[in-house]
Structures are given as C-alpha cells and as structure tokens.
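In what comes next, subunit A is part of two complexes: it sits with subunit B in the first one and with subunit C in the second one.
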Partner chain A sequence: MSNAETNVAGTALLDDPHAEHGGNGHDPNLAHHFDTPEQQYTSAKLGMWIFLGTELLMFGGLFCAYSVYRHNHPEVFVYAHKFLDKWLGAVNTVVLITSSLTMAWAVRASQMNKSRLLTVLLILTIIGGYGFLGIKSIEYHQKYEHGLWFGGSNIFSESYIEKVGPKEFEKSVEHLEHTTMEPSHAGGEAHAGEARGGDAHSEVIGQANGEAHGEAVAGHEAVAGAAATSQPTLKTAAGFSDPNAGLPDEAKIKPSFESPAGLAPEVAAADPHHHHLSFEELALRDKKNLATFFNIYFFMTGLHGVHVVVGMSLIYWVLLRSVGPRGRLYVWPLGLASVGVFLLYLIIITHYMMLAVWGGAVLLFSLLWLVRNLTIANSVEEGHGEFSRDYFTPVDLVGLYWHLVDLIWIFLFPLLYLIH
Partner chain B sequence: MSTVAHAHDSHAASHGADAHDDGKPHIHVTSPLLLLGVFGALLVLTVLTVAVTSIDLGPLNIWIALFVAVAKGGLVVMYFMHLRWDSYYNGIILIVSLFFIALFIGIAILDTKEYQPNMEAPHQGQVLPVQDAR
Partner chain C sequence: MSADAGTIPYKEPGMPRPQHVVDLHDNYLNHSKGIKSWLLTLDHKRIGIMYMVGILSAFFLGGLFAILLRTMLWSPVVMVPGNEQIASSSYRLYNHFFTLHGAVMVFMFIIPAIPAILGNFILPLQLGAKDVAFPRLNLLSLYLYATGALFFSFILLSGVLHAAFNITLPGGFGLDTGWTFYTPYSSSKAQGNVVAATLGAFVLGFSSILTGVNFIASIHTLRPKGMTWFRMPLFLWALYATSIIQILATPVLAITLLLLAAERSIGIGIFDPAMGGDPVLFQHFFWFYSHPAVYIMILPAMGVISEVIVAFSRKHVFGYNFIALSSIAIALLGFLVWGHHMFVSGQSPLANVIFSLLTFSVAIPSAVKVFNWLATLYKGDIRLKTPMLYALGFMMLFTIGGLTGLFLGALAVDVHLTNTYFIVAHFHYVMMGSMLFAFLAGMYYWWPKMFGKMYNETVGVIASIIVFVGFNTAFFPQFIAGSLGMPRRYASYPIQFVGYHRASTIGAYTMGLGLVLVGLNWAHALLRGKKAPSNPWGSNTLEWRTPSPPPHDNFPDAPVANDPYDLHGWEYDKATENWVYNEHAAGATAGSH
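Here is the complex of A and B:
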C-alpha cells in the first residue's frame, strides 16, 4: 500500500517483477479498480470481516432471545436441556474444531504454494462438515422420534396437549422422562454410594439409551449405563421429600426478581445439584413454556446448520478452483457423489426409504458423470490450481467463514447442552 | 520459485514504516506447531467445559462455561482467523459487533428484570391448559 499513491494504477503492475501470469505483466487476479494486490487483498479481507460482523449480529438476535428466555425461565432450561445428548454435542464440537484446524492448515498450504496439500486439506474439511451434519442428523432425528420437534410437533406445545388431551400428555411426558432424558450429570459418580429407589427404571433407561444412540458414540453406552443405575425415582429417593406437597404451584420457585431466578429454597436444599428436576416439580408457568426451549434450540442449531452447509459449499467451490482443469473433471462428480452418499447415510438414521431413490439417483448420475469425465481426461490439459502465494484470497476468506461457523458452535454447545 | 524469499521479505517490510514494497499481499504464514498447539488447547478446553458441568459451583457454572467459551473463541479468532497478525481494522469490526450484541442482550435483560413482577402476576390462580392435566 505504501507505494499505492506514487504509482498510477497499472504502471506498478507493469514494473512488477513477480507478475508471473499473463503475457504482458498484467496480473489476471488483480481487478482494475485496485492499485496493487496488497490493496485488493486487504480490502477483500476488510469486507469479509464486515460481513462476519453482520453474521454475528444476526446470531446475536437469537442469543438475545436465549438470554431473555433463560433469565425468565431458568428451570425450563435446567429441565429441558437434559433431553439433549451432551455427548453427541461434545463429539460434534471436536469434529468442528478438527475441521477448523484442517481449514487453517489449508490456508497455510495455499500460502506456501503447496497446491496438492491444499486440495487434500480442503477435502478433509468438507468431510469434517459432513461428519458434523451426520451427527446433527442423529440428534435431530432423535428429537423428532421423541416428539421433541419444533412447533406443534413438540409434545410440550399447547397445540399438542390440546390434540391428545391431558391424560395422554401426562403419559407421554412420563414415558419421555424415563426413556430419553440425558442421565443426570455426574449423578452416577456423585450418588453412586447412596441407596436410591427407582432402580427399576435403570434397565429401561439403559436399553433406551443403547437403542437411541446406537454405535454413534463409542463409549457412550458405558457412560449412560453407569449413570442410569443411579437414576433416582424422584419422589422416593432417599432423603428426598416432595417439597411441593400441598403447595400451590407458584410457591415452588422464588420470585425471579428477588435473585437470578432459581429453585425454591426447599427444592434447592433437597436436591442441591438440580439433577433430578422432573416435569412434576416444574412450576405451572414453566410447564407451559417448555416447548419454547426446543424452538430456541432448533432455531439456533438450525441457523448454524445452514451455515455449515453454506460453508461446505464454499469450500467445495474453493476446492474446484484449487485443482487444474483435469482435476476439476474428477472433483465435480465426486462432490456430487458425496451428496448422494450422505442421502443414503440418512436412510440408516431415518429409515425413510424415499431417500434411497434420491440418494441412488444422485450417486448414479455422479458416477456416470465421473466415468464420462475419465474418458475425456486425457484430452484436457492437467494445468494447475488458481491459488498461490500471490493469490489465495478465496481460500483465506472461505476459511474465515468456516471458522465463524466453528466459533458460533463453541458458544452454542455449552449454552444448550451443558446447562447446570 | 523465488516466492519463498519474497514472502519473508514482504512480511518483514510490513513492519517497516515506509518500506518500499512491490504491492504483494503481506502474508503471515502460521506455523504448523502453532496450529497444532491451538488445536490441542481447544480440545483441552472442550474437555474442561464438559467436565466442569459435573461439579456444582452454583451460579459460577454458567460463568465458567462462558469464560471457557470466550477463551476458545479467542484462540480461534486470534490464530485460526489470524486476527493477531491482521490489520487492526478487522479486529475493531469484530469488537464493535460483539459490543453491540452485548448492549442488545444487556439492555434486553435489564428490561426483562424491570417488568418481572408484572409478568408473574397474571398467572396466579389461573387455570391453564397444563393444569387440566392433573
């Protein structure tokens, strides 16, 4: 930039000894309204950061909704977050962090002119994105199966209660609590020695967990099983007397304007860890608002998921540009094939057989495309990717976007899955 | 290629006050060791934030969770997004965005607190759908 003022646009480029592309010294990557590649690069980056700022502001609205709602209904969060599987969330955090690493490394590779390494790392990053989506689909499908979907498909929503009637609703909630709730945090370790009632449920819980999570997370069953053995029955647990007996609902909680709203002193004393808060113990106003937790959950993770998909598409675009014309012959159909494979993978989770048609069609088309491209590969020059030390802006900016996706998840994970 | 030396030069030049450069981007290449170090730190912090959930620290829990998240975010922003070596303008944009989000959430919470007593009242003694369930 320092000589931007002294050089009239264009002359600087003609003098540029590093301009390797183009016959007459004109850098094909330099737009005409920029004086130097440096100016172009910093402008692009500034623009990207402004865009990322607006992205943060957009998510900020959802974080605001979360904060206000959690402030108003802390028990809703303590209770409802146990339906989320924190181990799947944790694994997904690691998956995203790993793909962030491969992306950051891809930027490095492009800066070092290592185009083959760049291609490999971009592919690994996309695989990381698929990994995240794959695990997220398991979670979403569990929620759907358990009736914890958004809107009226959530059993806590008023429209659902109206539809099935109060008796059936009570039964659903009881069933839900016994089969799907995340075994209480550390309940296993902390209270293992204590005599607890309700071990009758432990088998059911163990089975349900095993079924629900399958082999998705190695070691998860072990954890679930360990915690399940001490899953208490709320009212009969040793040293636990129902603090709400005979009291009107609202007496269960301290008025939230007195302090950061929490459980009533009696509840807190009986169960200082809040581990075993059950639907029964919730105040009426919280029972009414449970569905909103899931709406917030789906809105936040859904918008984040959309960003994951967009990020993966952008990385795919960069990947296409990181290889030469011949490489592109392979990358195009293989990228499409990955979509087909993912659709087929979704069958394992959802057992929705129409996906076989779609996934199969996509896969078949991409394989035919690949075969066709293989036959013409020899007539296409091998060439090289577009990125080098002198021009890697797209890799860098798409990387920034991908890191933002990671950044958002770093906040979503503890706020949604790890509520204490 | 001569570009390896070039990158080094231009990076050095970017620190000079009025160094004569060739208009190439001043790039900072992050070392593999640093990338892996940040990755390791992020993993450790992830384990930490999961582990700390099982310890009851009262209201401190949420603040620890947020502190760990901010630390992780800071690492991602500074090293993976190389803000540490970037122009200050980019950092200012980030900080201003975060400031306005904090303002937004902070004032919304203040407002919520203000009206809390009023919001509690209407529920008293009312028969609500879930009540029918008992």
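Here is the complex of A and C:
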C-alpha cells in the first residue's frame, strides 16, 4: 500500500518515508507491522508449525477412523491389502523421502546464498513430486483395471454383486485372486489352485483343509446365523486363521501337514505363518465389507495426493521467486507444462483418451512458449531471485510443509500396504 | 530447522520506531478511498468491519428463521385423516427452517462473531501492534468466510424454497438434517444436498482455523514492551484459549465433513453399518469438534465480560490469574467431555460415567470466572451503562445456562431430559443468551473506538431491557416444557404444551423487537452519532490510548503496557466527556496503597 504519499500529502511529518513499511526502512522484506526481521521470522515459523499441527490433527482424525474400522474388521484388511502393490508403494516411499532430502538441502542452499543450487534443488523436489504422482497414477490405474475402484465400481461392492449376480461375482473374485496376487501373497491355497488347474479351487481347499473347513465354507454361504459359528475361527489377528479352532482336538488337522502334492517344500514348511486368507475363508460379514477397504484406501491416498499437489504448487511458487527475471522466462513455461503432465496422469488413471488432446495441446503450447522465451532471453537482465541468507522464510516454510506431506505418506504406506 | 538455527545472521534489531506527528483527522476509515481499498485491504480494522457486515447479515438470516419457526409453532399442526398433505409439507418445511436457523447461527454467527469482529479489530490494538501477525492470511480467512457463508446459505435457502414453493434451484433440496448432520439422516437417508452443505461448512471451518493461527502467532510475537503473559488483557487470554480450540478441534470437523461427503457420494462405509461402519463414530467425531466449539463460542464472550465489568465497576479485576488460567482450563477440559452428547447413543456405561465426571469438572473453571466477576463488582463504583447491563445479563443467563448443564451432565437425569426442550433451553441460555449478550456488550463497549461515534445511551438501555425480558420469556418456559417431556425438533406437539410454546413465541417476537432497536441505535450512531472521545469509559487497556477511530497504523507511538486493570490516574473530564490520564494522580493514589 502506498501510504507514505497519502500521509505526506496530509500533515504528517515523517522522519523516514519508509517508516510505515519497515521499522528502520531498509529491508524490503520486512513487513510494516514487525520491528525486526527476527520477529517476523519467528512469527512466520510459529504460524507454520501451528498450521502443520492442524494438518496433523486432520489426518489424525482420518487415522482414527481407519483404526476403528480395522479394529472392528481385521480380516478385511488382512485379505484386501494383498491387492495393493507394495513394491510400487515402497518405490514411492523412496521417491518421496528423496524429494524431502532435496527440499531440506534447498533450504540450506538458500541460507548459504547459493541461489543456483537452490533453483536446481527446488526443481529436483518438484520432479520428485511428479515421480510420486506418476507411480500413484499407475497404481490407481491398476486398481481401475482390476475392478478395485471406489464406490460402486468395486467388484466387492453390493451394487456390483447385485448387477452381475453371485455366480459371476465368485468367478471374477477367483479370477482376480489368480491374476493380481503374487504367489507369495496368495499363499498355500493359490498354489494349490494353480497346481491342480485353477478351476477346481474350492474343491482343493476342501481336500487340503479337511472336512472341518468344508463345514466352515458352507457356513459362510448359508445365513448369518450359521456364519456366526465360524466367525471365531477367523478372529485371529496374525493373518493365519485356524479353520479347525473350536473343534474337538482329535479333529484338528495341522495346516503344516497338509501340503498337497506338487507344492514346493519350502513353501509348505513356512505355511502356518505365511498362510494368507483367501476370499473363501472370510466370514460372510467381512466379504460384504471388502469394498470399504478400497474406499478407505482411495480416500486416504487421495487426500494425501491433494496435499502433494498443493505442496508442489507451493514449491513452484518458491521456485519462481528464487530465480531472477531471466530465470522466470524458463520457469513460467515449465509451470504450464506441469498442467499438461497432470492431464497425462489423468489419462494413465482413467484411459480417457480425449484428455490426450488437451494434455498434448498444453504441452505443445508450453514448449512453443519456452522456445520463444529462449530467443528473447539474451535481452533480459540476469538476476538472483529474492532469497538470501537474510531472507529465506518462504523456502523454509514450504520445506516444512513438504516434510509433513512426506511424513504422512510414511504412515500411510505401512498402514495400507504392509499389513500382517 | 537446520542445525544452525541459532546462528542465523540477522541484521541488527531495528531501532525504536520513529516518532511521527500524525494527522489527527487521518483514521483507518478515511485513510484511503474506494471499494478496492476495502476489498484488498490488509488492515485488521477494515477486515474486522467487513466481517461485521457479513456476520450481522448471517445473524439477521438466522434470526429471521428463528422468528419463522417460532411462528410455525404457535399452534400444533396435527396430522389427522384428511390433512396428511398439509401436515407433512408443513413438517418438511419446519425441518428446513430449524436446520437453517441452527446451521446459520452456529457456523456463521456464534462461532466467528466475537473472534472475527471484535477479535480482529481489538486484538492488535490491545497488543499495541500495527496489525495481526499475518495480515494477508487474515484477508484470506475473510474471503473464505464470505465464500463459505454465501455458498452455505444458498444451499440452505434453496432447500427452504423447494419445501415452501416447490421451486428447485441449482442448490437442490437444501439440508434438513439439523446442524449436527447425524448419519444416516445425512448419508443414506438424506433428502437434501448434504455434500454441498458440508463443503460450505468445511470452508467456514478453514476460515476459523486461519484466524486461530493468526491470533496465536500475534499474541506470542507481537506483545509490546512491558506486556508479559500475565499483564495481558483478559480478552486476549480468552482469544488465545479460543484459538487453541479452533486449531485443535476444527481440523477434526474438517475430516469428519470430508468423510461424510464421501459417505454420501460414494458410500465409503466408515459410518454405514451395512458396510461394517459405525454411525456412532460419526457422533464421536462430530462432538469432538462441536463440544469444544461450544467453548469457541463462550470463551471470547467471557473475555469481553472481563473487560466490561472492570471498566464499569471502576475497580481492578479480582483474581486476574484465576480468570486468565480458567480460560485455558476450560479450553483443555472442553476436549475431554464430548461423550456427554452420546449418553443415550449406546456408548458403554463406563465411558458414560467418565464423561459425566469430566463434564462436572468443567463447571469449576466456569464458576471461578463467575465468582471473580462478582468479587470485582463487590464494592465497585458501578455504572449501569448499556455494555454493563448486557454484561450483568450475561452473568445471570450464563449462570442459569451453566447450572442446567449440570442437570444434563448427570447420567440418570440426562436420560430423562435428553432430546427435550430442556436441552434447547439450556444451550440457548449458554450459546444465545450468554454469547449474544456478551457480543452486544462488546459491540457497545468498543463501538466508540470502532467508529468514533457514540450511540444513544437511553435507547441502548431500553433495548437491553427488552432483549433481556424477551429472551427469558422465550426460553425459560422451554425448561418446563422439556422437563414435562416436550421433545425437541418436532414440528408439532400435544395440545397441553400450547401455553409454553406461545409464551416462547411471544418472547421471540419481543427479543426480535429489542434487537431491531439495537440495530436502529447503531445505524443512528453511525449517521448522526456524537463524536466519540479516545477513552469514553476510562479503561486502561492499550486500545483506549489511541484516537477514536484509530489511525491507519493504530498508534502514533508504540505504547508501553502496564497493568491493564490499574485504573488509577484516569480522571473524567466533563468538558470533552473523555477520561484523561493524570500521572500525578496516579502516583498519589498508587502511593497511598
């Protein structure tokens, strides 16, 4: 605001024309209501930490909802998490942690007056964000392809089952288990199924686990009352459910003895601990609740993804301020190109090809813009950007936000992908 | 921060601010002109005034629908063969009316009113600062409020239009869940546009969070020379405690509303028993925010009362430390009592007992405040000006509201009284009676400072009496009706309750009349009011040491704070109707102690 002129025009006699803008009128980065840069920095930092606290509380509420649901339905999580690709998740964790490193380094670079290094590191951080979202897009697309999308587009959802009928539904679940689960994930049953040709799946289970299990399966398919009797057998938390629990001792058949012919010996030996639930083993109520796992997955990762996008935008804003006028000639087109990249990610998720027209157009346009700016770059003065060892607050605060985004993912990854 | 946080090479700390001679006619209102200078201002005072316009409009809207729904309850509409159509459409309209009234009043008036209007305007002045810590953030929170409020009221109003005249606006069918959004009324069984409404409330919550962040940072870093934590005005303590609640509770509301929107739109299942979810979990989430939100409403009100009581008793506040720390105690205890909203929702008996005990414990800091105010009044030189009348009204209404809260905190009694008009009366005594009275007290008290104009004292006094009588006529009968079993939220009622309902309705009209008088008095003060002196009440907090209205930069010179409630030395000057500080008198009286 240009207050000084107004006041001079009145009767104000100011010792220093900048007195209103800064306590001593020399620092352009010092807002008028602060006395010292230190006071301004402390305020900004405190404000950011408080804001990060609110973010944590918001995600805290979400984690709380997650915990309540998982506590009430442990088997849903044990079974359904196997459809998530933990390798892609792990790679994403590494990508995000690396981008946190470059961000922290960027803060350091700005404190040490290394403006070129700062720019490079900010760009690397943004690229890290692109890596994360790109991998996430691939994951989302896989879910979409497999019918594990949210809401009614999930094959476990009630509306889907109603649409295709129970027979078709069982088939598609079986197909899903065979196509999406890694061998070690699918456990003994899947191996057995493969060994005997797949179609005889339920029959194999019957043979493998003995009569008692056959009863349990019958229970699931019958009314809820019958299902209730088999529920205690599935209440174990470790991912291994003894199908014979609650039966007289003499009827118990230990799973480790039941490896069918053709199964590799080491798998058979590890069976009791690496046994994973199959769909057939789930209690009726858990079968009905499987879609909720995917809803929770998409809600949590989606909200986190929104935070990643916000964080990237903030880093981009810092990047713009970290370069001089000439640097901005390059940074602006790159920002527009980012919009094109986001459109490409949407194509990866949805395979909606019309988006390619828009994405391509945006990318082409930003490329043309960049080329045009390259030609005029020589006539623009070189500059160093706004940040220096005296003023690096925005870099610092945006860095904090980015670390928070990273931290939330570090909690999300084990909670969703690594369940035992 | 990195390892060298301690050694950031800063420039020399600034010199003391230069002394300028400031034009006495320059103030924040005439400092710059044009609509743009208001819409893009970073001045906390202008932002406070713009908040005032928005929040008073919301209050008018919510009040209008309070009058309408009280009018509907004048006579019961009984469903008998032959009038099912009329009765059911009347019931549906009633659902929209009370949802609009409740949601608008809670989210758009009671929660932001004192922090956003008076807090924004007064907090930097009481700190002797030029602005809040983050002026841009402050403007952003104003725009978030405006966006959320317009969106939210549009959704709610379109629901009313649909129910009343069968007009369908893009807002769809509005909201008829009550302000609490309980599932499944708001998820699988909803008839309204819940997703849009929750987004509106979400944006309003964001505005509230940003204000909280701003106030906490301001109080931490902008206090002037001489103002230690325990020399802060009590209004600042109250705002500080309020901001703590805002930043701790509102994010939980945010995620609750997002989950609710997901529940409604894609059926996420977390609150849906058919998908393994738990509808009571929604109530836990909701009240984890909304119970502390009750203290967001009442704590700043208590801060206003502390200021007003001191100014009009001409006496140092009694028990400063206790009032200050009881605000923090209320803020923290307020987070531990949310379960008392679910005594009959199937919560475990053990949880009920614990929540009941904790609920009783909140009464302690609340009572500490009331007793300290009483002790401040004792042997004071009491002046019954309009702000003081409202403050005294607050003390009475808050005591009634608080003590009836104990009835509801007691398990056995609550089972009888829950979901009756007893609760309606209780929370109106606390939220409406107490908070509104404190808001009006604060508005009258700081009016001369905000606009540089005096209001008409006689009209102010008359209006305050009308509002007080109207309020009690409206809500006291509801205690009796509720204890006799009149359920809340019903569009109709058995004939034996007709007397109570009519008394309530008459009271509502009376209060409406009183509030119209308040509005006219303010409008008159703005247009024709006498020019206000810098310190019309003789208070010692810093905002009274600058001209009324304050200049753009708040203070000609950075003030130095002393004990904010030491009134020695302030003497009334009849000629200018102003209180002036006489250092000699201050020294003499201070010496005699």
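FYI, the second predicted complex is superposed on the first by the 288 of 420 C-alpha atoms of A that agree within 3 Å, B and C clash if a C-alpha of one lies under 4 Å from a C-alpha of the other, contacts with A are read in each partner's own complex, and residues count from 1 in each chain.
The criterion applied here is as follows: a contact is a pair of C-beta atoms (placed from the backbone, for glycine too) under 8 Å apart; a residue touches a chain by one contact, two chains touch by 3 or more.
All figures in this text were calculated on a predicted structure; none of them were measured in a lab.
Touch criterion met: A:S100 reaches subunit B, while subunit C stays clear of it.
Legend: residue contacts after superposition of the two complexes on their common chain; A:F169 is shown touching subunit B, with no touch to subunit C.
When both complexes are overlaid on chain A, the residue A:H307 reaches neither subunit B nor subunit C. Contacts of A:D390 after superposition on the shared chain: both subunit B and subunit C are touched.
In the superposition on chain A, contact of A:A31 is made with subunit C only, not with subunit B. Legend: residue contacts after superposition of the two complexes on their common chain; A:R108 is shown touching both subunit B and subunit C. Once the two complexes are laid over each other on the shared chain, residue contacts for A:K143 go to neither subunit B nor subunit C. In the superposed model, A:K288 lies in contact with both subunit B and subunit C.
In the superposition on chain A, A:T42 makes contact with both subunit B and subunit C. In the superposition on chain A, the residues of subunit A contacted by subunit B and by subunit C overlap at 1, 3, 7, 12-13, 16, 35-39, 41-42, 45-46, 50, 53-54, 56-57, 60-61, 64, 68, 72, 104, 107-108, 111, 158, 285, 288, 389-390. By the touch criterion given at the top, residues 1-4, 7, 12-13, 16-18, 35-39, 41-42, 45-46, 49-50, 52-54, 56-57, 60-61, 63-64, 67-68, 71-72, 86, 90, 93-94, 97-98, 100-101, 103-105, 107-108, 111-113, 158, 161-162, 166-167, 169-170, 185-186, 189-190, 250, 255-257, 260, 272-273, 284-285, 287-288, 388-390, 392, 399-400, 403-404, 406-407, 410-411, 413-415, 418-420 of subunit A touch subunit B in their complex.
Contacts from subunit A toward subunit C in the complex involve residues 1, 3, 6-7, 10-16, 19-20, 22-24, 26-27, 30-33, 35-39, 41-47, 50-51, 53-62, 64-65, 68-69, 72-73, 76, 104, 107-108, 111, 150-152, 157-158, 285-286, 288-289, 291-292, 295-296, 299, 303, 389-390, 396. Every residue of subunit C that touches subunit A in the complex is listed here, in rising order: 1-2, 4, 8-11, 13-15, 17-23, 25-26, 31-32, 42, 124, 129-135, 137, 209, 212-214, 216-218, 220-222, 247-248, 250-252, 254-256, 258-259, 262, 265-270, 274-278, 281, 285, 288, 552-553.
Interface of subunit B with subunit A (complex): residues 1-3, 6-7, 18-27, 29-30, 32, 35-36, 38-39, 42-43, 46, 49-50, 53-57, 59, 61-62, 65-66, 68-69, 72-73, 76-77, 79-81, 86-87, 89-90, 93-94, 96-98, 100-101, 104-105, 108-109, 112-113, 116-117, 119-120, 123-124, 128-134.
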